[in-house]
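Chain nomenclature is as follows: A, B, C and D, assigned in order of appearance, with residue numbering initiated at 1 for each chain independently.
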Amino acid sequence: MTVHALEAARRLAPRFAARAAEHDRDGSFPVEDFRDLREAGLFGLMVPRALGGLGASFAEYAAVATELARGNGATALVFNMHASVTGALGAVTEELAEALGVPDEALVARDRLLTAAAQGSWYAVAMSERGAGARLSQLSTVYEATDGGWHLKGSKTFCSGAGHADGYLVAARSAADQSVVSQFLVPAGDGLTVEPTWDALGMRATSSHDMHLDVTVPADRLLGGVEGLALVVAQLMPHWLVASYAAVYVGVAQAAIDAAAEHLNARNLAGLPAVRARLGRADAATAAARLVVAEAARRVDEEPGEAETNRWVWRAKLLAGTTAADVAASVLEAAGTSATRRGHPLERLYRDARCGSLHPATSDVCADWLGIAALGGDPDRDGSAPRW
Amino acid sequence: MTVHALEAARRLAPRFAARAAEHDRDGSFPVEDFRDLREAGLFGLMVPRALGGLGASFAEYAAVATELARGNGATALVFNMHASVTGALGAVTEELAEALGVPDEALVARDRLLTAAAQGSWYAVAMSERGAGARLSQLSTVYEATDGGWHLKGSKTFCSGAGHADGYLVAARSAADQSVVSQFLVPAGDGLTVEPTWDALGMRATSSHDMHLDVTVPADRLLGGVEGLALVVAQLMPHWLVASYAAVYVGVAQAAIDAAAEHLNARNLAGLPAVRARLGRADAATAAARLVVAEAARRVDEEPGEAETNRWVWRAKLLAGTTAADVAASVLEAAGTSATRRGHPLERLYRDARCGSLHPATSDVCADWLGIAALGGDPDRDGSAPRW
Amino acid sequence: MTVHALEAARRLAPRFAARAAEHDRDGSFPVEDFRDLREAGLFGLMVPRALGGLGASFAEYAAVATELARGNGATALVFNMHASVTGALGAVTEELAEALGVPDEALVARDRLLTAAAQGSWYAVAMSERGAGARLSQLSTVYEATDGGWHLKGSKTFCSGAGHADGYLVAARSAADQSVVSQFLVPAGDGLTVEPTWDALGMRATSSHDMHLDVTVPADRLLGGVEGLALVVAQLMPHWLVASYAAVYVGVAQAAIDAAAEHLNARNLAGLPAVRARLGRADAATAAARLVVAEAARRVDEEPGEAETNRWVWRAKLLAGTTAADVAASVLEAAGTSATRRGHPLERLYRDARCGSLHPATSDVCADWLGIAALGGDPDRDGSAPRW
Amino acid sequence: MTVHALEAARRLAPRFAARAAEHDRDGSFPVEDFRDLREAGLFGLMVPRALGGLGASFAEYAAVATELARGNGATALVFNMHASVTGALGAVTEELAEALGVPDEALVARDRLLTAAAQGSWYAVAMSERGAGARLSQLSTVYEATDGGWHLKGSKTFCSGAGHADGYLVAARSAADQSVVSQFLVPAGDGLTVEPTWDALGMRATSSHDMHLDVTVPADRLLGGVEGLALVVAQLMPHWLVASYAAVYVGVAQAAIDAAAEHLNARNLAGLPAVRARLGRADAATAAARLVVAEAARRVDEEPGEAETNRWVWRAKLLAGTTAADVAASVLEAAGTSATRRGHPLERLYRDARCGSLHPATSDVCADWLGIAALGGDPDRDGSAPRW
């Protein structure tokens, strides 16, 4: 499949790039980019073939995400959320479902969501909250059972694609038992109010607005069909929480190098030794980050959940974030003041690139996690702060 | 004097800071900041006391500029241009004037300009051109003698304060003899057209627009009264060309640290070891850059033109630019995603701070210059590219 | 094969490590390490199976070299020279031989050398000269035809393993025609004098002494059987000239992390946040460098000579050298003063690790080469200095 | 005074440099350097003029130490210990003595020690212990009152100048009351046994051996005449504990630049852009570190004990240590493999320079301390570990 999907991503990237400056300037959502993604069938990227999707592996996802990000990192970041939702749903095997006590009707509901994705629906994630950040254990959004469904109430932040998606993965805790955290797939529509708070340094086109929920959903919108699975799933699939951003930032770094090279060649500055040294070191660092992301992804596919796999996942997050920021800062310096005018790709990429280290798990948290592992400890247990 | 001027700068900085977000967002000129500067008498900072000014030294200028930049780097950057013009004019001693063949009437004209500054006029600089950059030897704006004055024609870029200043220092080459470069103080008014091209990554409130000139000025607006002095003056006063920005970027770095500390304390994050390490290293680096700028400025005052003085000038430019960018990037990472929302001081400071290394002489050019000097060469002669 | 060779390397590494401190202290050659390598059959690593060797690919070599370097980087560096000689000889296909005009008897002679290696002989390289460095175009060692053989005269430097190898690959230029550079495999024995000049910061056990040649060798010791092939071969196999060191320095970096972790755990310092951050970043950087070396090696095997393959080769050299030095410096700082006592592995590894960036092509040359490539130029042609 | 002392230091530095390679190689103590220091009267540098000394300020000490270190960092480091002892003794004012309850006879004894220093005696420090490091609160060396004196018993490590000094400042805790830590000036002679353990990466000529004490000293060798003053004095004079090393490492960094420039010019490599960039950035960083040390020293003299003074002291320690290591690593890379031969100044300076960040307070501890201060906390109280 990837050949097809990867080719599609490469074909779409220049179209995204052509629209990127406008969406960045206005902070508007790249509606056309998402129409292109739908038409290319990429909403089904992570949907099993049996349900009409492309059945991509995590490695295939990573390669596609990097290519999309070379066009527009913001678009790739929103797409990453959809891929996370469909990828995690698609990865629940029958064995796992049985082990978790997932009832059959929940699998049917799950398949319905995935089939819809293959047919052109896309999902966003409403996880973070002000105060709690991305830590599931700190959420204040609550849900309770109603007649034939669930009622959810609370407020989310950093909800990329808010107001544009067809559904939202919402994490909430039980009003009846604070220790139970569950996830719901809430369809777009009444009961969801977008508060347009997103107006940020970088990745401006993600529309990562606040969203307020006061909504009732049918019973089958509880993912997994039993309450309390959210933390379990988070721990089973750290790659979607930690490293799926990484592929995006490799694309951003590569886009910065490409834009700098074009800018410098157009101005006949490619011969300056300082310029060449900056481009050369940026090239090597970006190539390395790309390999690390690919290696992490390969291991996620082949040896999911292994300790060594998880180390690669955290390495990928750390290196992609730091590399993108360093590379964009250095090649912008190589390109000079004329590349800082708004509308110049490097001006945007410099801002976009800074965001990778800040997404959870931040670079400092990643360094701590990896350090504990290198010292022989258990990083999921010994860390100085709750990870989720 | 400085006590007074420095106190004024400290008093004004919070007012500038309160307005900074709006001007950054809109790219509008901080008109009120300049009204404050006028009322505080700071337009006369570099004007000799005999002409009604504060008679500040370069070191005093540097201290004032850093304080102003803690409020708004963009305001300080435009103020720096005015200080450069008045400082350079004020620094022309009688001995130098005689050596350069400056006629008496030119000194009278000079005094008139300085007196006006002390009384509230301020001047911008229209030096750079697309293609030529800041190199005087490459200009395409030309002038020719007219009946009782000079006619100037051409286009300038990166003219900070364009459309707001009372006069503009314009460098142009003689239509009669391409090797002769002269400087004029062109009054605001007809013949000057501002093209609002400035819409940049950082320092957005400087209004560094393009300006088109097709204007005739009186004879006494030729600075120095004789043609061809521009390059001589540039070489005599490298500090205004190279290092006057440096003080501004020290202020920007300090503002970033202060904003990060406030942000982190407000969120009870000051106890995180990674946060403390970032703040501690940022503090030391900024303190060092501040000292280097002060040392360069002290030597400019006490031993102007000495080889060792010039080395400190270039060191100041290099360190202020690189330190501001590194510090802002690191403390933004410490502060986290919530500090990247537009309107947050760190979001703006991160963008402003990136600009210091890009102003001429860029950090890479500074490193080359300093390397030649450290190796015992003559950096003004041996460099790989024309410096001016 | 690699399974066997890689296992052997892993088995030998702790034995090398146990001897490393002594050889480092005395600058003595690790004779026992080489006995171990012979007994494990690793001198035949790059020898085709048909000639009794293990027929390893370049990727397999890289994996073995990294493991050996985890034991002792100096041993791995000398082994690398033998692998380069046998690897390059073994890589001359019949097609290439025909294209280069290599006569049949030269292939017979070549096979004899390789068979000897498989049976336990090992070869060193005597290429660099004082003044010329590693640039073949600048050599002053000359050869001329004698009755039934060749006479070589000159002096070499940085000849790793000098006085211990069974033969030496010697590059020399023709006395008759200065533009002709050829390579000879000179057997150990009379006519070769080792001058013990090697007493260096790091990699002290390589015995990279000077060697003086005034020696006559049989006709069949001219590699390839025709004169003038040296530069052609250098250009065909940049991986052996540029990147074979890289695998060694990845092993050195990994050894530094392992030694630091052991040291810190023994002192109960693994809980310090600053220590964990250093170890975590070192782990990620080293993992990345390892992947880049593996990727370069894979491409050398699968797509030798391709432009993209060569880029990976130069990236590998750059990243392995810079990563080893940075990692060793950082983890030594984490470990503290007690790890700087001579005899402590980190004390030696810190010195060894500094050497990687200095081997040709140096890190600065690599950055320039990669920058030209990233800017769309031809790095083998456009560089500011002759590469070889 | 300093003019004289500084001139003497500049005069001696080349003599130290000429001997440095030998002492580094052998790990031998630079006996002749100390004879030179004695003859130049520099043992009295910190001794008040009234007692026959030069009465230098801390700033004057720092300038002298930097110049000495340009000759040999190891010599300067041992001299620093003598300067610390005499400087701290000389800094005890009558007011402070009264406040601490120091009896008159203790002041007489103090003056006797200082007078001896002015006449050519020099003192080393025996503070650190294996396990305790430099933290006074963790010492295991004990003392008890004897008939007419004190008996000390225990073992010290990192005692620079062990076996060569005329006396040793020894910190010990009371056998009677574990919470009481006192300091003694133990004369060289019986009861002190040097165990030659010092054989380290860098600063090899300091003879920082272990020393075992089982010795009785006269009553007046208790510094201050009353028990329990050690911690008080440590807190009063953080500059001697934290920053007196800093001046030494600025000298080491400068020596590395000078050696690299000489090496590169001798080989006609000064024109390489990458070399110039490395030298230029090294020059600026070293100049900045030198200013920070000077500023810290100036404030120690003018506003001792102020919070802002202490911040400069910690900044100086952090920046001198990191700058020396970074500069030496970078300029060695610029100079290339030929500068890594033992006996080459850069080979030694690279090793010496790595040690600065490791002396207590380490760079990581400094960053933490400064971060707490920048965040508005009390770094002497809020740190994650006991500082002393």
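Just so we're on the same page, a contact is a pair of C-beta atoms (placed from the backbone, for glycine too) under 8 Å apart; a residue touches a chain by one contact, two chains touch by 3 or more.
Computed from a predicted structure; not experimentally measured.
J.: Starting at chain B, how many touching-chain steps does it take at least to reach chain D?
T.: Graph distance in the chain contact network comes out at 1.
J.: Taking CA centroids for every chain, report which one is farthest away from chain C.
T.: Computed centres place B farthest from chain C.
J.: Check A-B against A-C and say which one is joined by more contacting C-beta pairs.
T.: Output for the comparison: A-C.
J.: Starting from the mean Cα coordinates of chain A and chain D, work out the distance between those two points in Å.
T.: Using C-alpha averages as centres, the distance is 52 Å.
J.: Please tell me the distance, in whole Å, between the geometric centres of chain A and chain C computed from their C-alpha atoms.
T.: For chain A versus chain C, the centre distance works out to 42 Å.
J.: Multi-chain contacts in chain D: which residues touch at least two other chains?
T.: In chain D, 273-275, 277-278, 364, 367-368, 384 touch at least two other chains.
J.: For a test of understanding, state which residues of chain D touch chain A in their complex under the given definition.
T.: Residue list for chain D touching chain A: 273-274, 277.
J.: Under the definition above, what is the set of chain B residues touching chain A in their complex?
T.: My answer: residues 158, 197, 199-202, 272-275, 278, 325, 329, 332-334, 336-337, 340-343, 347, 350-351, 354-355, 357-359, 362-365, 367-368, 384-385.
J.: In the complex of these two chains, what residues of chain A are touching chain C?
T.: Spelled out, the residues of chain A in touch with chain C are 257, 261, 264-265, 270, 273, 275-285, 287-289, 291-292, 295, 311-312, 314-315, 318-319, 364, 366-377, 384.
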